[in-house]
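What follows is a structure written as structure tokens; I'll ask about it next.
Letters A, B, C, D and E mark the chains in the order given here, with residues in each chain numbered from 1 onward.
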Amino acid sequence: MNSDDERYICRCEEVTEKEIREAVRAGARTVTEVKRWTRAGMGICQGRSCKRLVERILAEELGVSPAELEPSTVRPPIRPVSISAINMEETRERNDREEG
Amino acid sequence: MERTNRVADHVVLGPAPEVEEVCIYLDGKPIPAKKGEPVMSALVAAGVTVFRHTAKGSPRRMFCGIGRCTDCVMKVDGVPGVRTCVTRVRDGMRVERQEGKGSWAEEAADGKA
Amino acid sequence: MMTIKSDIAVLGAGVNGLSTAYELCKRGKSVTLVDKGVMGAGASGSCDDMILLQSKKPGILLEMAFRSLELFKGLSTELPCDIEFETRGGTILIEDQAQLSVMEEFVASQRRSGLDVEIIGKDRLRQLQPHVSQHVIASTYSAADSQVNPMQLMKGYMLGAQAQGMRYISRAAPEEIAREGGHWLLRLSNGDSLEAGIVVNATGAYANSVCGLLGFELPIKPRKGQVLVTEQLPPLGETNVWSAQYIVSKLKPELTAASTGLAARYGLGFAFTGTHNGNYLIGSTREDAGFDKETKPDALELIAAQARRFFPVIAEAHVIRSFAGLRPSTFDGMPFLGEVPGHEGFFMAAGHEGDGIALAPITGRFIADLVCGTKPEFDTAPFRVERALKA
Amino acid sequence: MSATERYLKTKGAPSLAELEAVGMLPKLEDLARGACLCIECVEEIPCNPCETSCPNGAIKVGDPITNLPVIDREKCTACGLCIPSCPGLAITMKRVQGDRATIRFPWEYVPVPVVGDEVEMVDRLGNVVCPGKVIGVNAAARNDRTLVVGAEFAAEHVLSVISMKRKRS
Amino acid sequence: MEKHKPVVVVGAGPAGLCAAIELKKAGAPVILLDENDKPGGQLFKQIHKFFGSREHKAGTRGFTIGTSLLDESLKLGIDVRLETEVVGVDPGLRVWAVRQRASSELIEASRLILATGATENALSFPGWTLPGVMTAGCAQTLINVYRVLPGKRVLIIGSGNVGVIVGYQLMQSGAEVVGIVEALPSLGGYGVHTAKLARAGVPFYTGTTVVRAEGVESLERATIAQVDGSFKPIASTERTLDVDTICLAVGLTPSLELSSLAGCRTIYVPELGGRMPLHDEYMRSSVQEVYVVGDTAGVEEASTAMEEGRLAGVHAAWSLGYMSDDDMKERVDETKQRLNALRQGVFGQKRFNAKARIIQESQLR
């Protein structure tokens, strides 16, 4: 097609529009499947910038309205959290105090 | 005169407030910063246009400015992948342009244990 | 509403269903692959990327893993996309003398089985893993341990099989399976029907519910594994990493200090690997939690704490998501690979628990051999379905 | 309305003809009689600070709040309190005296103009129409940082002038 | 027992602040969490005067409204925890909060009010990853909160209120706006907003899109072109503008992550930003203990967000026994009246209808 296909959709993983269209043509029908096939949305922002764009391409390729697309799954943490901050020591101590 | 993109005067916001200045280092070069501001704004004020290059080598700065898109990540005090738009400056902070995934700082290699 | 006819119906588009379908296509069979959801939506898409030989006890599974490893090398050129296969070696970290003596014994037995594995000291370990914590006293090392990108592997099998005529039906669950006039008739939830001489049940943790459609039960239970994913990081070291603690706790439970209630409940083991893209996958739990696939903050906390214990440098790395996979576990730790007695033409290919990826290439071949009436490379006895039906 | 929409919705500002069509332009004889309130608010948006800012009840929005403002010129004393109250900066006060016209308009840019500044008066699309001179700057606190600037210019441009050109800093 | 657990409000923007204020006034225990170091959400970058009536604080600048809500919450003694990112919530209403990006906390809530706002949409075109291309909100944060200009010559993509307001504010901070590009045949924002830019000489390009952005290490120029009936650019109409900044103002999408984790069902409503949690007239989601308010429940404006926050706060307080039936009904009725007033006219009616559809749908299920 044209150079537009080479434009990035997912900024984090640098996945192009072409790659996403190819994934849909190969059978991906949800944002989650496109993610698994192409890594679009798997980067550090977890699709916050590109999800809408991927949905638009999906809807276009499948000839459906974005309303008909399956919502994508979410898993915590929804923001980057450092390993050291995944630490609930304080909560536990407080709970222990309150129970004790 | 030092190039700055700071907004000095503003009808609605008034004249720029007096804020204590600190110094951060971008790839070793000193850059003045206002205490309490994010690294991003200090760098933009100093006219820095490239914060990092991606794995494929394309230059990036910031995109959303509020911690969502993570485009603005840099290596800060030896830690790669730090969102500079939501990380406030500290005097003496070492900020480095990140190339791809970045690298681990030498001193970090020994670990804390 | 249509009826699709093919030689073989493979149920489950996970890695083992795909490898089986691929092998059967290669042998000229017409294959229809059916999944109730989509490719890799189960355990195959929610696991790490390790092909670990070292973790296996000497025996047939280790031998099969050896063979699988050879097959992976071939697949990386044979399949139509890059499966990101790499042999970076593996290390199992040892924290104290008690662990060391158990691992020495374990390694010796593995060596007798032909696995190239050894115990290495601190200095050697730090060459391989410069950021490992100082408290680790030794490690095992096997140069053979490898990795593969499970998603890419599935994609490769899928594209490869489709190129050979495989039909793939997603989002269609079998609702009825009946033997009629010498073939199987499957009624699918999307309204279609499927007619096939042979059915292969490769539905992983969900395999038992498919068996239920035929009126029998198999002891395959979901084992939940929760995993943390970090942002893409500069490489920390060469090898993929496990902890000896978990292996020791299985071999010599009496040696393990009473672990805290939470860690015990979550069946915590430490697995640590950098993917091809630079994300680190850090796991993992091993829980009986039914079919719940949520990840829990307290489990993620335990995993994070372990990561810091072994790699202090990672404390400031960012976790960007978590996931949980339901691994299909069996009562005796062996997968079910074979025909179900009393149900002619109905084969099982499920129950690999954590070895699904590692054993996929050989599983596909093994099942294809059975289905085609060829003698498999390995003894079929340990995998027979009968062993569970008797019990 | 549709004609107004057309111009406003492509150029960004209503044309003179369109303002006139919806009764938003003062008549020339009114302008010559005294300062005239001009409100260029032609879309039904939920907003009424102009109404509540007027001490004399000269502006009526009423209920629903999306009604277009209606000016009662009899009641308007040209006090100008409504100028900075409008969130849309759509209110000016104009007057014609002989061959000179004056305008009071809202202003929110630096540098802050000072009386005596020689400026360029602009129309609704930012075209410079004539020179002008700043004759007043009101920065009262109650205006909440919206300055009200007074300027004078040639009377023939009274209908097209809306503001002055921003100086590049 | 349930009564002793706090109501957790996530997001201290206009909606969250108003919800927390109502709860606290009614005597309910409430914890307000926000990721920023200052409450107010996006209000503190809104330096323009708001529309509406006196009850809606019309004619008052956004940041002034932020300050007064803040003062009220302080006076009431609301437990506001700043620099606290909520990164997870489970169906048991356990909220995973990360404090100062350093430690985690699990908070058990009796009710959860999600006021997590919206995310700015992106538009992809060749070169959109170049330094200099950013969301309009990013530019607005830089100029109005940090007082730093991201560039000197700006092209704005999107003529909705966000695009035109940010364009005006960029000029207030000393930048040049070289144009506003709108793919649709007519401009989206309020005419009074576009008129501010028009009289400053800013050209509007309707029926036009950005074709590409170019530059070596950062943005140097942008090419725009008119679009045909199917929004494809017409090559012969291309023109290139020298710009160092492109601001994308192409709409917002409700932030869905937390409501999804909490198990709330969704509905797709294009007029309000796409997919959003289903909610009833009291802003209650399909999970009865979870409320959604403000942009996360459908993108509108700060003024409507505040009223939605009040609705949820009042209803949640009542549901926990902190308010009588009569009081609740009275407060709900007056809030709804104000909300309805804001959803009138050419711009409001569409939103009014969309909201009515959501509420109706929530009753059907």
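Just a few scattered comments:
The rule we apply is simple: a residue touches a chain if its C-beta (ideal position, glycine included) is under 8 Å from a C-beta of that chain, and two chains touch if they have at least 3 such contacts.
All of these numbers come straight from a predicted model, not from anything done at the bench.
The minimum number of touch steps separating chain C from chain D is 2. Shared contact partners of chain A and chain D, listed by label: B, E.
For chain C, the chain with the farthest CA centroid is D. Ranked by C-beta contact pairs, the top interface belongs to chains D-E.
At the centre of the protein atoms shown, by the Cα-centroid criterion, sits A.
When chain centres are defined as mean Cα coordinates, D lies farthest from chain A.
Inter-chain centre distance (chain D to chain E, centres taken as mean C-alpha positions): 31 Å. Look at where the CA atoms of chain B average out and do the same for chain C: the two points lie 43 Å apart. The geometric centre of chain A is 26 Å away from that of chain B, both derived from CA atoms.
One finds 21 Å separating the Cα centroids of chain A and chain E.
Residue positions of chain C with contacts to 2 or more other chains are 231-232, 297-298, 301, 315-318. Counting partners per residue, chain D has 108-110, 145 as the residues that reach two or more other chains.
Multi-chain contact residues of chain B (touching two or more other chains) are listed as 10-12, 54-55, 58, 60, 63-64, 67-68, 71, 81. Looking at which chains touch one another, you get A-B, A-C, A-E, B-C, B-D, B-E, C-E, D-E. Contact residues on chain E toward chain C in their complex (touch as defined above): 88, 90, 94, 96, 104, 106.
The touching residues of chain E, counted against chain D in their complex, run 48-54, 56, 58-61, 64, 171-172, 174, 176, 180, 185-187, 190-202, 204, 206, 341-348. On chain D, the positions that touch chain B within their shared complex are 107-112, 145, 147. By the touch rule above, chain D contacts chain E in their complex via residues 5-6, 8-14, 40-49, 52-53, 64-66, 85-90, 108-110, 122-127, 144-146, 162-163, 165-166, 168-169. Of all residues in chain A, those touching chain B in their complex are 11-12, 14, 43-45, 48-49, 79-80.
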